[in-house]
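Okay, got some structures for you below.
The two complexes that follow have chain A in common; it is paired with chain B in the first and with chain C in the second.
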Partner chain A sequence: MESSENGLGLNSNLDRRTLLKGLGVAGLASAPMFNSGMMSAAEAASQTINFTAWEYQPDTIKSLVATWAKKTGNKVNTSFIPNVGYTAGIQARQRGGKPADVFYNFAYNSQKFVSQKWAADLRGLPGADKMVAEMFPSARSRFVAENGAIVSAPYFAAVHMLQYNKKMVAAAGFSSTPNSLQETYDQCKKIKANGVESPYVAYWVKDFVEEYLHVYLLAGNVTPFDKKGDPVFMDDPKTLDVLNWWQAMYKDGMTPKSVLTDDPGKHTTSIANGDAAFYALHHYFLRDIVESKGSASGDIAQAKIVGTGGKTLQMGEVIQLGGKVTGAKKAAAWDFMKTYGYKDASGQFTTFQKWAASGALCAPYPGFFTDPKVIAAFPKYMDLTLIADTFKSASDVVPARTLPWYQGFQAQCGTIIHDLLLGNSNARATANALAIACKTAKSGSGL
Partner chain B sequence: MIYSVATGFVLWILFPIWYTLSSSFTKPSKIGIHPTPFWPENPTLNNYRIVLGIPVHGKNCVPGIDIKLCETAQSNVSVNKIVETMLHSFYVGALVVIFTLIISTIAAYSLSRYRFIGSNFFLNFTILSRIVPGLVLVAPIFIFLRVLNLLNTPWALIISYTSFTLPLAIIILKNYFDQISIDLEEAAALDGASRMQTLNLIILPVAVPGLIATGVLVFLESWSEFFFALVLTDSYTVPPLLAGFLSMQTFNWTLLSAATVIAIIPPVLLTMIFQKFIVTALASGTGK
Partner chain C sequence: MLLAIPALLTVFQSLFVVPADGIGIGEFTKIDNYLFLFKNEIFWATCLRSIWFALIFIVGSTVIGLAAALLLNEKFVGRMVLRGLLVLPWACPWLIVGIIWKWFLDGNIGLFNGVLIRLHLISHYKDFLSDPKWALWMTALAAIWRQSCLVALLLLAGLQTLPRDIWDAASVDGAGIIQRFRHITLPWLRPALTVVTVLNVIYGLMQFDVIFAMTQGGPGSATTLLSFLIYRQFFIFTNFGIGSALAVALAFIALIGGLIAVKTLYRKIEV
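Our next item is the complex of A and B:
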């Protein structure tokens, strides 16, 4: 097992703060190691890597894999599992004794997989420290556990943004998009009075509403969890304001009644055809809105969730290295993973350039946003500078979201928040229920 | 009254099929609009073209790679695989039907005609085995198939599906054999036929409707099974392929609808052709 090889298990005393502080220095110092990493890959030629991914643009994945295999002389067996059912599929393969060497994973599973030794701690691998050091500081804690373990590399990253209809906002007499949650409500109310029945749409289904909990808490200047994963939002009086605002948005008809079950495709159609003025979701959904060529697609632009106000949620999924890979195969697998989630041997963001072109997906590296090939590839109707700025200074990954117990909390969020929105609960009771759900999940008696 | 209830029931059943069919001809930007039209205003075949891997904007469009050259961003999913995957499903389903019918016919006939120690227990156990969720069985079956090096092969599905469909087939066929008069077998025995000869020459020809119905039901179960195909193979059959059209954040409804319409053609045809046998076989024993 990797952690025992380098003497640093998940329970090591080296905490994240220490590690992150040292990463700047380590990043510079590890440049030669990065080069030696390339040598390791060359030495590890003719390895066969088993790579498992979910089915998002499978042809793009195949072309990326083929490019790396051709360059290094290794072979990659790529398995696709549908995104729906991916966790069950990959865990069954782990438990059944046929684990992948490199695999996509949901960020919320990443620390759990390392603690169960299904995924490797990347500390000590050539270039791993440099990879983390080159990330936005705001992004690092998704990949580095509190104890300093590097649990994953980025598959992609995104920020929650507000897609909005410029004409509708202007027609309602506003010169800018909302700078607070209250302003969001006020603008919606005015736009609704102008004849747009449901001005605000968002992906508030049970399975996804947990992301919005963080989006709105951060927008309301509330810290959701502390570094230990304790729900400090409970003690912040602003939490009740956020929850009250959320409930009012639904109860007062700023959203469609069906918003609790509608999927992103429906929201995209809605805003693209002028039936909604605001759509809060990941930045890359602007691409779907524009490319769906609805009657209002050309009027849609992007802004921060609350403009000059609070932060927003930075999300993304990850790639992990199998916990049982060793020796030359491990070197090759890590080289592949590094190319996929960081840079190729020539220092290019080859993989992310491709994702930028085909899906408007981002990488959590400042260098990604200044890469001329990324700038050329990114859709012109998206404000890359705004997105970069959001990554840099106006977003938070909420580190607790990758903790091993977090999925148990996440699973309960949907019902609790929906109860609030449907008027079956109030803000205080909801905050209490969320705290209890968190405590239950942490104690291991949750899902 | 009965007609209005029947009409309501039929509409209830047909609504999802109509919506799927209508969506398959709808442009992505028009899906989910209000009010929902009975039929899309400007129907398009592009969803079918994309699913079948036919470029929609000239030869430069390569779904999944050169997205900007294609109609929309929908090429996030596996295209050009539906026909191949349906052939896989058909191959798996056909072999599962053959193996299941061979084994279940012998088992059902024995249970119908013989009283042996443990026969009741065996029958009850067969029924009980249908209750165990597949989720519980997937890990041991996975390990078993890994040891045999059969993962990600059609045999992984053929073996596991056969084990699931056997109880259903045994129950249906046992009921069916119970309805066949024993006089025929006694006459055959008087003429010197062995048990196997009686089964092959006398019983099976009479039981053809039951065998066809059982075969169709087994085929349908095999065709629509998702979880084991997900875990034991890399989207070898139709259900995981269709699931690939959805993700937590991306819903390719129009493509999914087109793929679904194509994928349900074989089972629908099969069911329509053999509908009479299915009803007869499932109703057998109800007059007792």
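Our next item is the complex of A and C:
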């Protein structure tokens, strides 16, 4: 398996290259830097930090916050914004003059927030370089911008995987899961003929389908964007194959018609009860499938989206440091953020160990996957080695996805892809429409 | 002041390129933001879709609400319980209504399909929300379900002020139920109906939460309304100038709709 393009050295830009070359030096220098960081944290004790998060496992968040606050003597005011409307909520707080000191954010907003000065560039903060240096090379460009700015720390990371029903695949005469998109179609067709009406489910709703655009382009060996963040997918003939495949999957009934509006809960129930053979989504959804204890839950395993073929999408959301935090408060906020998105003062992945246990969430650090506490905490039915390997060498973050204009593209993707699936458009027109959507998103003239 | 200042600020912002960081007001662009919208076919298609949605919503919630009010104004066993139940959908936040209806309309297990099959209106389960021909109607139906309860409550209050002797006198004079409804009840309810319709115009055009929960504006753009474009401009494109221009356009459409409702419905009570 070839290395991730980001793993080849992130050599697209001098600033980023300089930064990442410097990370080796940063590693050597990390001991004194950490000492200085700890000193800053000590000096910063008894600060009050305003932390904003969305409501995923609020009790876990509260416990993580309380542990850090107790250890450092600082206070954290945690406020939650519902997942639905988080983007609007966090932006309204920024514009309204009540910005958080540390906050969750969607990765696609991260560079936009730094460019608006709502979030800080983490360069120069003690341990920031080491944090980036310890990441999978394939993950770094989600956190490091083209100009070298470190825009965020990880909240969690995940890879798109294929959850599949072992018995159904075997009963259809296949010895392995699909190794290409075409094989995915062929296996679905056979399984459908065996009586499973809609063998394939995925979260293709309007606001989420952009992730699948990358999942399938990467699976089809298409590079979606170049290193400058310009779209190149439309010039690759393989893009048309991918889009034609996608349309056929829907049109030929490999998915339920309702897949355009169904949510993950329904898909989980569907595959757990033996009504579907494949479910493509983030790796941690296997946990829901198994723990829902459906009639087929025990038959579900996990594989790469296309076994020996292309890559898959590595995704994850981030935490950012407020752009207006200064002085001792900034030191305390950064110490909190490091504990939350990297390691605690004793060098442990405390936060990620907890997320691994409660949600099977991952962190984009190789060290996370070899941490004995993570291994112990991770559900036994999940193949941590497979997931680690996918992070390491079979996934791509698509760096363009964090650029300031990107959310404008993401917002337009849903309509364009749905039109393709509904048969209102063909592959060529869709590729062109997506390219135009990139252009309008960049110029801010999209509607 | 609470209404006027944000409204004026929105009109003001619609004439500028507003910096996304919220600091300062940016470059004055005269009416460029409006010209951008008027030249954009997505804007016009979305306007038409929003008006169509609002019309379904206004007619549906008014008719169903009126029917419910008339029914609950009659004496029968369990009337008080039913009147109490009327408050429940109205007490549900719009977003929750959307989530409930998404499950209700589900193409595999939804109760709605079960009812239609029992009534022999369809032969097999159908996923209405993923069908662009049905999605707008179904999201409107969900919104109507909640709003018609408010309409029923308001009209029921109006009906209870109707003097019974007028109704009885008409009966004695030989007026049938339809004639009494047309010449006594409806004129009596005109002021309440005017208020209800104006409210429905506003709720219908501003609808966002129900659709967001049910379809996110999809499939394709089948349920994308002006409120979605405003949300996108403000929080995704961070383009406050165009977002404000869209908001002004929506307010203008609502104003026209409200005026039409008042002109059509409001007359002095002449019973």
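One rule holds for everything that comes next: the second predicted complex is superposed on the first by the 431 of 447 C-alpha atoms of A that agree within 3 Å, B and C clash if a C-alpha of one lies under 4 Å from a C-alpha of the other, contacts with A are read in each partner's own complex, and residues count from 1 in each chain.
By our rule, contacts are C-beta pairs under 8 Å (C-beta built on N, C-alpha and C of every residue); 3 or more make two chains touch, one makes a residue touch a chain.
Being a predicted model, the structure only gives us computed values, none of them experimental.
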item: Side-by-side fit of chain B and chain C on chain A, or clash; value: clash
item: Contacts of A:F80 with chain B and chain C, given as first, second, both or neither; value: first
item: Touched partner set for A:G444, first chain B, second chain C, both or neither; value: second
item: First (chain B), second (chain C), both or neither touched by A:T415; value: second
item: Superposition-derived comparison: chain B or chain C, residues of chain A touched; value: B
item: Partner chain in contact with A:N273 - chain B first, chain C second, else both or neither; value: first
item: First, second, both or neither for A:G307, with chain B first and chain C second; value: neither
item: Contacts of A:L260 with chain B and chain C, given as first, second, both or neither; value: second
item: Which superposed partner A:Q407 touches (first chain B, second chain C, both, neither); value: second
item: Contacts of A:Y56 with chain B and chain C, given as first, second, both or neither; value: first
item: A:Q116 touches, of chain B and chain C: first, second, both or neither?; value: second
item: Steric overlap of chain C with chain B in the superposed model, located at which of 42-50, 114-122, 168-176 or 186-194; value: 186-194
item: Footprint overlap on chain A, where chain B in one structure and chain C in the other make contact; value: 84, 88, 95-96, 207, 263, 266
item: Chain C residues touching chain A - in the complex, by the definition given at the top; value: 20-22, 36-37, 40, 42-43, 95, 102, 106-108, 127, 129-132, 212-221, 224, 229, 231-239, 242
item: Sites on chain A touched by chain C in the complex; value: 84, 87-88, 91, 94-96, 112, 116-118, 205-207, 256-261, 263, 266, 407-408, 410-411, 414-415, 418-419, 421-422, 424, 441, 444-447
item: Chain A to chain B touching residues, read off their complex; value: 54-60, 63, 79-85, 88-89, 92-93, 95-98, 203, 207-208, 262-266, 269-270, 272-273, 275, 281-282, 287-288, 291-294, 297, 357-359
item: Sites on chain B touched by chain A in the complex; value: 28-34, 62-65, 67-68, 72-73, 75-78, 138-139, 142-143, 146, 151-152, 226-227, 230-231, 234-235, 240, 243-244, 246-253
